[in-house]
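Multiple structures are listed underneath, in structure tokens.
Two complexes are shown next, each including chain A; its partner changes from chain B in the first to chain C in the second.
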Partner chain A sequence: MRTRHPFTLLTLAAALPTLAWLLPAPAGALGTAAVAFGLATAAGVRRVLVPAVVTAAPFWLFLFVLHDLPTTLAIGLRITTMVAGFVWLAAVLAPDRLVEAMVARGWSVTVAYVFAATLSAVPLFRARARRIVEAQRCRGLSPRGSVAKRLRALRALALPLLLSALHEVDERALALETRGLRSGARRTPLAPPPDPALERAARWALLLVCIAALVGRLV
Partner chain B sequence: MPVRLLALIPVAVAISLALSAAVEAVALPLFLDTTGTILATALAGPSVGVAVGVLTSAVNTLRNPTFWPFVVIQIIVALYAGLAARAGLFRGLRTAVPAGLGLGVIASLTSTPISYFLFGCTTTGGIALTTALGRALGLPPLGACFFGSFVSDFGDKAVTFALVTSVLHALPRRTAARFPLALRAIGAA
Partner chain C sequence: MNPLTLEGVEFHYPATEAPALRDVSLAVAAGEIVALVGKVGAGASTLLLVAADLAPRITGGRLTGTVRRRARSGIVLPTPWTQLSGMAFTVWDEVAFGPANLGWPGREIARHVERALERLEIAALAERDPVTLSGGEVQRVILAGILAMDPDVVLLDEPTAELDPAGARALWRLVRVLAGEGKAIVVATSDLDAVPAVADRVAWLEQGAVRAMGAPDLLAEEATCEAGLGTTVAGVWRAAGLAAPYPLTVADAIQRWR
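This part shows the complex of A and B:
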């Protein structure tokens, strides 16, 4: 599945939960959940299927606590489809291939930059946040006690992260300006992912199935 | 869009998602997942805030797919923060905290139908538990769901507004002046 065009993977991941909510419950959601689990199993039992099951399990627990059995089954299968589908998508969709596909399709390079920069910035800032927490603890900051004390500790932990992030905006802006990035600029993709006619047809077919399910639900 | 505002978007999204480490350290029942959206709006206006909000939801969806339908809340937060910034409500904690509490009420009112009809109020463990508490107190299902959303959103948005106000005031004026709305948001222009 990794070799499929990124738009095909995105369409499939979007169509599964859409159909789970539109098709009659619980049979429709059972079918979409089975497809999502099939995809997750094919992508790797330990790497994709197990995380999907672990992510979906708490929802079932809370649904059993809050609702009767038919409602639990209907909502639980829909949420399971959504969870398994997106865990599968996160495992098989390479961000760099998606950016290349977007650029090849004529999207502005600024949109591609924002998408790629966000995906790379998140782990970077998470690591920085953990370093700040450890550094403040070394300086004797205690994150325990009354709510007011914890809020003061939160300010001491969050402020350095936010201020350093805003100072970094200047550095990033300078780097982008020196590379000639401006709104509406187009770039030539280096290695655009192949998009066979069969996959394009499959994407349109999925869209039509979703529209048919919506019409069937409304009529 | 100017390059500086373009560079702000991924940084603001990362801020929203990275703050969970600080929240875990102090063990408070907060999300702070709209911090980047509110900060970007206060600095650069609602259009940048909406972009940050939508991207934050998209990245959060890869971690927990039930976040995606709540993208509507991120957009409402950006629009509300834009109005608050234009009114200069980030000038101090006395104006920012009530504005945050107001946003908490709006956010919980908006998120309740999404949470109830799509997910049966099971979006996060905390909300599910407070919803169960609401049911145990005798509230009807939708009322219990609102109770769960309200408990989680009310304080969270007030703390987020207070945090953003602290950041805007801690920024050097020269840095703040590089963003179109920052000085107006803190009542300095």
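This part shows the complex of A and C:
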């Protein structure tokens, strides 16, 4: 899936939750959730499917507490589709390919960068958190033990994480500016990903299915 | 016409009372290398940001005085990790990031990237993921990325901070080659022993102002040595209680000793 055109991946990730909310529940949402889980499984059980299930689980818990079974199923499956779709997208969509695809279509490079930086922020943030935890451990802080101890450890992690992220934003802004990433710049695409006719047709088909589902829902 | 001229420049960072730069005047000619030396906080990095048109445009703050830039500049900041674009999965793409943003044709980008990789001796890293590189390698990749944009004014902030001694020597040789090609170079460095062989002029910054400016011999004067800004040879000569003027380099010391 990583070799597919980024717009195809984005369209699929957007179409799944759209259809989950537009198609009649629970059958429609069950179908979209099944597709989302299928994609997540294909992308990697441990890397994508398990994080998607773990992220969706708390929503189910709250829904069971607050609603009856039919409502829980309807909303839960829809939320599960959204979560699984996003986790799958973050795993398969390479930010650099997305930038290249957007630039090749004439988008502003700054808009493309903001879009792609959002997707690449999670792994960067996780790596930074790991480094801070290691640094704090070297200074004797243990993230294990009682709840109070863990809360203290969390504070010692969160503050440097936030401050270092803010500091890096400043430095990165300077660095990107000096490397020509300016508003309105027309970037040369270095290796625009191929966009086969079949994929373009598939994107239009997905869009038409979503519109049909919307019309069906309204009439 | 000098590619870079600063006249009576004063700069305040946002929400600060004390100026980071005070009455700084500096003109850099094409093909000239000016070294900025001073203690931490003396204003060298800020001067480079002003010269690169990043301060106050990006940093915020208040600038008075005149800054004339008659050519495109490129700056290498002291923290190479934060200068990676985050959008490139190979060193080649990372180096090409800047030229691509300038909208150059693909063939011209490739030519400049290949040349920059060769000059920094990192052609072998072209297919590596930048996040897997060592600090010294990242520093060279970032410098290659700036050189690939073919700036006429090159601004370097502690460019050898992450490099091993051999890498630092190679970089200083490259800086001389770049000056030989007509590029104006301003470098803030604490590698004082390298300055005599590299720089044409030295500007000594103190509390945001230029305290002295002149030939690299400045680094062997009593005042600079007293401030801890002399070369190692000058410092040792002075510490040994030998008579001034102090020698600047080992070669000078040998000549004096004989």
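A few notes on this one:
Note that in this section the second predicted complex is superposed on the first by the 149 of 219 C-alpha atoms of A that agree within 3 Å, B and C clash if a C-alpha of one lies under 4 Å from a C-alpha of the other, contacts with A are read in each partner's own complex, and residues count from 1 in each chain.
As a convention for this text, a contact is a pair of C-beta atoms (placed from the backbone, for glycine too) under 8 Å apart; a residue touches a chain by one contact, two chains touch by 3 or more.
Keep in mind that this is a model prediction, so the values were computed, not measured.
Using the contact criterion defined above for the overlaid structures, shared-chain residue A:Phe7 touches neither chain B nor chain C, since it reaches no partner. By the touch criterion defined above, A:Ala94 reaches chain C but does not reach chain B. Shared-chain residue A:Arg187: touches chain C; no touch with chain B. Within the superposed three-chain model, A:Pro58 lies in touch with chain B and out of touch with chain C [touch as defined at top].
Set against each other, chain B and chain C differ in how many residues of chain A they touch, and the higher count belongs to B. Once the two complexes are laid over each other on the shared chain, residue contacts for A:Thr178 go to chain C alone; chain B is not touched.
In the superposition on chain A, A:Trp107 contacts neither chain B nor chain C. Of the residues of chain A, those at positions 113, 117, 120, 124, 168, 170, 172-173, 176-177, 181-182 touch chain B in one of the two structures and chain C in the other. Those residues of chain A whose C-beta lies close enough to touch chain C in the complex are 94-96, 99, 109, 113, 116-117, 120, 124, 168, 170-182, 185-191. Against chain B, the residues of chain A that register as touching in their complex are 17, 21, 55, 58-59, 62-63, 65-67, 71-72, 75, 78-79, 82-83, 85-87, 89-90, 110, 113-115, 117-122, 124-126, 128-130, 132-133, 137, 143-144, 147, 150-151, 153-155, 157-159, 161-163, 165-170, 172-173, 176-177, 181-183. Within the complex, the chain C residues that touch chain A are 49, 52, 54, 58-59, 74-75, 77, 79, 82-89, 93, 96-106, 109, 145-146, 149. Note for the complex: chain B touches chain A at residues 1, 3-4, 6-15, 17-23, 25-28, 30, 32, 35, 39, 43, 51, 55, 59, 61-62, 64-66, 118-122, 125, 128, 131-132, 135, 141, 159, 163, 166-167, 170-171, 175, 178.
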